[in-house]
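Both complexes shown next keep subunit A, but they swap its partner, so subunit B is in the first and subunit C is in the second.
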Partner chain A sequence: MPTTLPSADVHLASAAKQSNISRGFWAEAWRQFRQRRLAMAALCYVGFLVLVALLAPAIAGTKPVVCRYKGKLYFPALAYFNPAWENPIFFKDRFRKLYPENLKKKDPKSWAIWPLLYQDPYRRIRTGEWEGQPENPSGDKGRPNRFNLFGTNQEGIDVFAQMVHGTTIALLVGFVSMGLAGAIGIALGALGGYLGGWADMLLSRITEVVMCVPTLVLILALIALVDKPTIWHMMAIIGCTGWTSIARLARAEFLKLRESDFVIAARALGVGWPRIVFRHVLPNALAPVLVPITFGIASAILIESGLSFLGFGAPPPNPSWGTLLNSGRQNMNLWWLIFFPGLAIFLAVLAYNLIGEGLQEATDPRLRDAGR
Partner chain B sequence: MLNYVIRRLMIGAFTLLLITFVIFGLIRNMPGSPITLAMGEDPSRKISAADLERLRKSYGLDKPWPQAYVGWVGQLLQGDLGRSISRKQPVTKLIQERVGPTLLLSLTSILLAYILSTPLGLYATVRSGHLDERITSVLLYMLYSLPSFVGALFLLIVFYQNLEWLPLRGMTGDDYESLSALGKVLDIGRHAILPITCYTYISLAYDARFIRANMAEVVRQDYVRTARAKGVGPMRVLVVHAFRNTLIPFVTQIGLTLPALLSGSVILEQIFSWPGMGRLFFESIAERDYATIMGLTLMFSVLTLAGQLLADLLYALVDPRISYS
Partner chain C sequence: MNVSRWFAWSALSVFLGAGLAGCSGGDKKAEDAAPPKESAANESPAGTPEPGEKEEVLLEPFDPPTLAELDAKAQWEPQPVGDTLQMMRAKQAKETPLVSVEEALKLRNTSPDLNDKILSVLGRVATDDAQADFDAVINRHSRVDVRSTNPILTSSFAEIDINGLTGFGMFGFDWNLEPLATSETVKSWEASKDRLYDKVVLRDDLTWSDGKPITAHDIVFTFQTIMNPKVPVPAVRAGTDKLRWIHAYDDHTVVFFHKESLATNVWNVNFPIIPKHVYEESLKKDVTLKDSDYHVQLEDNPVCGGAYTISKRTRGQEIVLTRRDSWYMHNGKQVREKPYFKEVRFRIIEDPNIALLALKNGEIDEMELNPEQWRTQTTDDEFYRLNTKASGVEWTGFQFLWNLKTPFFSDIRVRRAMAYAFNYKEMLDTLFYGLYQPSNGIFYNGAWMAPTNPAPPYTQDLDKAEQLLDDAGWQDHDGDGIRDKEINGKLEKFEFGIVVPTIPERIKVCTLLKENLAQIGIICNVRPIEFAVLQEKMMNHEFQAAFGGWGTGSDPDTSENIWGTGHERNYGFYSNKEVDKLFDLGRKEFDRKKRGALYAKIHELTYADQPYTWLFYRNSFYAFNKQLRGYTFSPRGPYHYGPGFSSIYKVKP
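Entry: the complex of A and B
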C-alpha cells in the first residue's frame, strides 16, 4: 500500500494526534511551548529581529528619524524602507543625502532627532559629516572600532549598518517565501489527500518532480528567466520550490482525517467538498503542517544567504547578510566581514529550528507525553 | 513484492521523463546559449550572423526545444548523454573525472559521521537528563543549525588565515606533480581536511540526534525493561537489546543518502574550489552547458528515485511486519 516514502510514514506516525481535538488545542499547545526555555528564547530572538528590522532606520542611518525643516515636520528616515517616500523638498533644496550640515545651513531654526548611530548601509561616511566622527576606514583597515561596531568593508561602508538593514531581508525572505510555499503546499496536499484517485496521483507526481529536481538548478534557471531579479523574485522562487515537504505532510494528514467521523457527518449533511476541505479538515491538519513551515523558514534564509553568497542574490546595493559574507570571502584578512554576518545567519537559522522543534513537541501529544 | 517493484519502476520512469522535460525546457529558455556566452567575453571572436546560424545548426540548437528534447531522449536510450559544447568533451567523461573527488569527500564524511555519531547518540541516551547530556545536545543542535558555508568560512579564517596550517583551495598543491606517491596522498589529505570536516559536522549532528530520538523511543519498550529485570548488564541492554532495534529507521536513512553521495555540495565545493560534481553543476549552469546540466540532472534524479525505492525495500527487508504485497 505505501506508495510514499518511509520517512513520510514516520512523519505521519509522529504527526499522528488524537482525532478528538478539544477546543483548547492551541491554548494547550502554547502552554506546552512556553515551558520549553530554548524555544521561548528563540521566539524572543525572532521578536527582537522583527524589532531591529522595523527600527533599522532609527538604529543606524544618516537621515533624521524626525526633523522640523522650514516650519514643517518630516520623517526622512522612512526613505530607507522605500526610496519613493523621501520628501521631494529635500531633492529640491539639494541636500544630496547630507542631512546634518544642510539642515543647519538651510534652516538654522531646524531641529532633528537622529538615529542612534550615524552610519549608512549604502555609502561611506566622510570626514566632517557628523561632529566628532572620523571618516570610515576603507581597504583592509576597517577593523571593528568605536564608530564602526562591526568594522567596515573595503569600500568603507559600515558593516553594522548593513547588517541592521539586512535584517529586513532575512525576515522577509523567511516569511514571504514560506507563506507562499505554505499556501501552495497546503492547497496541493489538501486536494490530493482529500480527493484521492487520479487527482492524488497527478499531484503526487508533481510533488515528486519538484522534489527530485536539484533545488539549485531550479532556482538558478528561474532566476535567469527573470530580467532584473529583485529580492521579491528570489522570495517567489524560493517559495515556489520549497513547498514539497509541506504538501506531503498535508496530504498524509488529509488522507487520515478524510475518514474521520466529523468529515463523514459533514458529507452526510450535504456540505460541498471545498467547504469540507478548507473549513472542517484544514484547521485540524494545521498543527503538524506548521512544523515543516517553521523549519522551511530556516532553510529559506539559508537558501537566500547561500545564493547571495554565490553571487546570485538580489542586486548589489541590497545589504543582505549573504552578500556581506561573499565580500568577506574575497579577502580573508577582513575576518569581521565573515564573522558577524555568519553569526547572524547562524543565529537566525538556529532560532527558527528551535521554534520548529518546540512547536513539534508542543503540538504532538506523542512527543509531549514522552517529555519530562 | 515483485509487482510492487515493477509498479514503482514504471512510475519512476514516468517521473524521470517529466523531470527531464521540465528541466530541458527551463534551461533551453534561459537567456544566452553556450555559443553566445563563449564569445561574449572576447570581441575579436565575434562572428557573422550566418556563421552563428551554422554553429547553432551544427550543435542542434536551431530546433525548438521540445523537438530537441525528443532527440535527447533518443540519444539517451542509446546510452549517449551527449557532448558538452563549452568543454568539447563527452558528458560521461566529464562526470567520470569529477566523481572521484566528490566520492572522496562524501564517503569519508558519511563513514566518519556514522562512526562518531553512534557513541554520541548512545552516550546521550544513557546520560539523558543530566547536565552533561543537555550541554552536548545543545552543542549538537547548534552544530546542526550552523550553515555549512558559514562553518567553512569560520574554519578557513582559523586554519588558513590565522594559523596557516591548511591550504585555502583546490585538491592538490602547486608542487603536486613533483611529490612522491606518499607525498601526493598527504597533499590531497591536507587539502581534504577542511571540506571533510564541513561535510561531516552537519551529518554528525543530524545522525546523533536521529539515533538519540530513536533510542529514546526504544528504551521505554517492555523488552528493554524485561532485559534489565532478568539481570542483563547495562551495556548489553543498551547495545544488543535497544540499539539493534533502532537500526530499522537507520537502514532506510542509508537509502536516502544515496543521492548526497554523488551530488556533492555546490556551495562547499565552490568555497574550497574542489573539482567535484557540485562545482561541475554550478559551472555548467553558468556556461549554459545544456548537455552537462541534463546529464547531471538525470543522474541526481535517478539516484533520488532509486534511493527512495531502496529505502522502502530495505524497510520491508529489515522489518518483517512491513510487506508490499
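Entry: the complex of A and C
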C-alpha cells in the first residue's frame, strides 16, 4: 500500500505511536489483527479447513492418492475433485471403482499410496473391499467406531468421509459467492459514490431493488427451472443477491474519500477518473468493505446448510454438512448425524464472524481504541 | 353395519410418484399427488382440462327404452349384494386366534410369525356390539389436507379417506378386490346376460344429512354432472365415461346402459353420488362447484349421504367427522348397523417424525410407518406403551421408468443392461431394511392376473450389463472413461438424468443407481423435483428416466392406460401391438381363468421388453393404538377396500 496516498486519520494515528517510519495502513491493520487472539485462532481454523478441503481425497477416500499400475503413475484420487480426472484406463480395465482388489488382481507388481482412511463419501463400504475392515453398518447401527470415526448414516455411508469432503462445498460456497458479491458490490458502489449525480441515483435504486429479492425463493425457483442445478448455480445466486450491503458501504466510503485532499491532488494532476477510482480511492475504501464480506461468507455457509437441510441443496449425492443434518433429522436417535455436522457448521460460521470482528477492530481506529 | 364402502372410484391404479405415506422426510406432495384414477396429471388446477381430454360434448342424447321392454330382452342375472363386514366376520369365524388378547398386546412385532399372531387377535372384527366403545373418538393421521370435500372432485388419497366416510355409494369391493353392491344402500343388483345393462334397486330408507331422501334421481343427476365437460372433475370421470346413459325409472330403480359389453363394466357403474336438490340450481350459476359463495359454504358443510358428516374443518390442521344418526336410524328404527366411532378426527401432520411423536404421546391413534421408522424407531418401550404395529402385503410396485424415445433407452439391450446393473440386494437390505420384496413385473406374484411361473427378478451382474452395452454400440470410443455412441454423426455421451420426487428414500434408490452406473461408465444425474412439476414433466414426456410406483387397481384392465400404445399414463412411450390386443381381449373375456391367462401373457411380454426396471413391492406398515381392534390388510392396505376402516373399533377402556 505504500504507493498510494494514505488517508489522513490513519496516517496520524500510526504516526502518533511510531515516530520513526510510518508502517502503512495494511501493515498496521495486520499488526493490530495479530494481537487479537480469538481472531487469529479463527483465521488459523479457516486455514485448517482450507487444508482439509484440499487434502480431502488423501484423508478419506477409496481411490489411491498415487499408484503405479502397468508401469505408469496415476493419481486416481483426483477424481473426487473432478470425475473426468480419473484415468480412463481404469474404466477400460473394468475396475468398477474398486481399486484395492483390482490393482492387485490386474497387475500384481502395482503399488499404491492410500488415503488415511478407506471410506467413501458417496457410497457404503462393503465386505471384503479393504482387508481387515468390516462392511459399514447401516440403519441405526452406525454409531461412531474404529472404522467410522463419526459413525455412518442410515445408508451406511461414512459420516467422517462426508464431512471431510463436505468441507470443500462449505468453503467454496463462502468464497465464491462472496467473491462475486464483493466484486459486484465494490464496483457498483465505487461508481455510484465517485461519480455521484444521476449515476449514483440509478445505482442506488438498483441496489434497493435487488435488496428486495428474497434469495431463498430465487434459489428454489432456479432449482425448478434449471435442467441440471449444481452447487455453482446456488453460489451465483447468493453472490448476485448478496452484494447490496457491500455496495452501500463502498458508496459511502467513496462519497467521503472523493472530497479528500489526495483525490483533489490527483485530479489536479490530471489523472483520469478510472485511475483515481481504482488506484487511489479503492485501496483506502476496502477496509470497511471487507467486514461485511467476511460476515457474508458466514451467512452463505448457513444458507447452503439450510437449503441442504431442507433437501434443496446441491444435487444428490452431495456430501454437504447440511445434507447430513437433514438425514439426522429423520431419526433423532442417531445423534452423531446431528452433533458432528452441526458442530462443523457452528465452528465455521463462528470463525468467519470472529475474523470479521477482528478485522473491523483492526481497521477502525475508533473501535480499536475503544477495545483497549 | 358397514360405515364406509370403499367405492370403486378409489379402485384404480394410483401413480405413486410420491406415494401414500411409506416414505420419510418432508414430503407433503406425497399423497396429495396420488390421484385415485386416470391420469396423474389430475393435479392440474381445477378448470384446466387434462391433456387428451375431449372438449366436445361428452354425453350424446339417448332415448331409453321402457322398463318393460328392457325386462323382456335383458335376461337379468343377479349380481352380488352383500355386507363386507359380515363377510369378514364369516371368514374370521373359521380362523382361530393364535394367542390371547393380553399376549398379543404384549408381543413385539419383530418377525412375520409374530405379525400373524398379532393380526390373528387384534385384527378380529367385533362379533358383538358389546365389544365396541360406541362413544369412542379416533384420531387418524393424514399427511396432507384435502382440496375439496365434494365427492366428485376427489383426486387424492386424503380426499378418498374423507369422502369414503361422508359420501354415499352403492358399490364396493372386498379384500380380494371382488366387486359387489353394498346391502346397506342397495336392495338388488342385476346385470343383463350380455352385460350391456345393469339394474339397481335402491333401499327406500336412505336420507341425506339434511333429511331429504336419497333417490335414483340423485344418481342420474350426478352422472350428468360428471359428464358435463364444463365441470372440472379431476378424476372420477374415467370409467364413468364408458357408460352410455343412466336412467331412473322410479325413485329407487336405476338402470345403467353400457356402450360395450365389457368385463370392466362392473367398475364403471361405480362413482360417488352428490345430492341433486343441493346442486341442481347452483351448478347453473357456478360450474366449478367451488367458486360461488354457496359452494364455498358447502365445501365446509357439505350435505352428506354417508355415515358421517363434517362437523369442523380447520384448513391445514384437522377435519372432524361426526357420526350421523339419520344414517343408521330411520323413522325411529335402526335400519343399519351403528358406525363404531362417534367422531373421526383427521389430524394433518406433514412431518413423519412429528407424527410419530404424536402417536407415541397418544395424540393420534394410527399412522403409516416408513421402513426406517418400523425398524428403528418403533421398537422401544416408549412406542409399545400405547401402541402396537402390524404389516401386510401390498400390491404397490416401484420401478425405474425409461423413456423409450431417448437414444439411450430405445434399445432393449440397454434397458436389459440397466436391469443387470442395479444392485437390488443393497437396495432391499440396506435402504429398505429388508422389509420389501423384489418385484418382477406389472402384476403381483400370486395375484390371479399374474403368471403362475413368472420369470425370476433380475439380480446384479455387471459383466452381463457391460456386454449388453458393448453389443448395443455404447462403448468408450473417445477414451474418456464414459461410454458413448455415434448418433447422427455426432458422438453422444451416455449421460442422462433421472427425475424423482423430493423424498429421501426415493432419492437414495436413484443415488444407488448412479453409483452402479458409474461403475460401468455411465453418468446418471439424480434430479429431485417437486411432485407437481414432476407430474407435469411425466405427462409431457419431458424426462429421460424417472423413478416412481403404481398402486394396484382393483381390475387389471385399469393398467391399460399405463401400457397401451399412446395411452395417457404411458409416460415412456412403450408400445407393443400384442399387449394392446391382449388388453382388448381381456376386457371382453368374462371367464376369470381365461382372463387371468390373458393378463399373465401381458405380464410376460412387458417383462421381456423391460420398459421399466422393476424394483420392489412396498408393503403396508402401520402403527395402531392398543385400544384399536379389527384392522385387516388387503392388497390396497388396511383402509382402502371393504370393510377396511369401517371394521375398526375401539375397545371399552
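Details
Assume the second predicted complex is superposed on the first by the 342 of 372 C-alpha atoms of A that agree within 3 Å, B and C clash if a C-alpha of one lies under 4 Å from a C-alpha of the other, contacts with A are read in each partner's own complex, and residues count from 1 in each chain.
Note that in this section a contact is a pair of C-beta atoms (placed from the backbone, for glycine too) under 8 Å apart; a residue touches a chain by one contact, two chains touch by 3 or more.
Because the structure is predicted, anything quoted here is derived from the model rather than measured.
Look at A:Phe25: by the touch rule set out above, it reaches neither subunit B nor subunit C. In the superposition on chain A, A:Arg329 makes contact with both subunit B and subunit C. Legend: residue contacts after superposition of the two complexes on their common chain; A:Arg94 is shown touching subunit C, with no touch to subunit B. Contact with subunit B, but none with subunit C, is seen for A:Glu208 once the two complexes are overlaid on the shared chain.
Legend: residue contacts after superposition of the two complexes on their common chain; A:Val349 is shown touching subunit B, with no touch to subunit C.
In the superposed model, A:Ser138 lies in contact with subunit C only, and not with subunit B. Applying the stated contact rule after C-alpha superposition, one finds that A:Ala224 touches each of subunit B and subunit C. Legend: residue contacts after superposition of the two complexes on their common chain; A:Leu302 is shown touching subunit B, with no touch to subunit C. Of the two partner chains, neither subunit B nor subunit C is touched by A:Tyr45. Where the contact sets of subunit A with subunit B and with subunit C meet, they give residues 224, 310, 329, 332-333. Contact residues of subunit A toward subunit B in the complex are 1-3, 5-7, 10, 38, 205, 208-209, 211-214, 216-218, 220-222, 224-225, 298, 302, 305-306, 309-310, 325, 328-329, 332-333, 335, 338-339, 342, 345-346, 349-350, 353-354, 370, 372. The touching residues of subunit A, when paired with subunit C in their complex, are 83-84, 86-88, 90-92, 94, 96-97, 122-124, 126, 138-140, 154-156, 224, 227-228, 310-312, 315-317, 326-327, 329-333. Subunit C makes touch with subunit A in their complex at residues 24-26, 352-353, 372, 375-377, 426, 430-431, 433, 462, 466, 476, 479-482, 497, 502, 504, 507-508, 510-511, 514-515, 518-521, 523, 525-530, 533. Residue ranges on subunit B touching subunit A, taken from their complex, read 8, 11, 14-15, 18-19, 22-23, 26-27, 29-32, 129, 138, 141-142, 144-147, 149-150, 153-154, 156-157, 160-161, 168, 216-217, 220, 249, 252, 256, 263, 266-267, 270-271, 281-282, 285, 293, 296-297, 300-301, 304-305, 308, 311-312, 315, 324.
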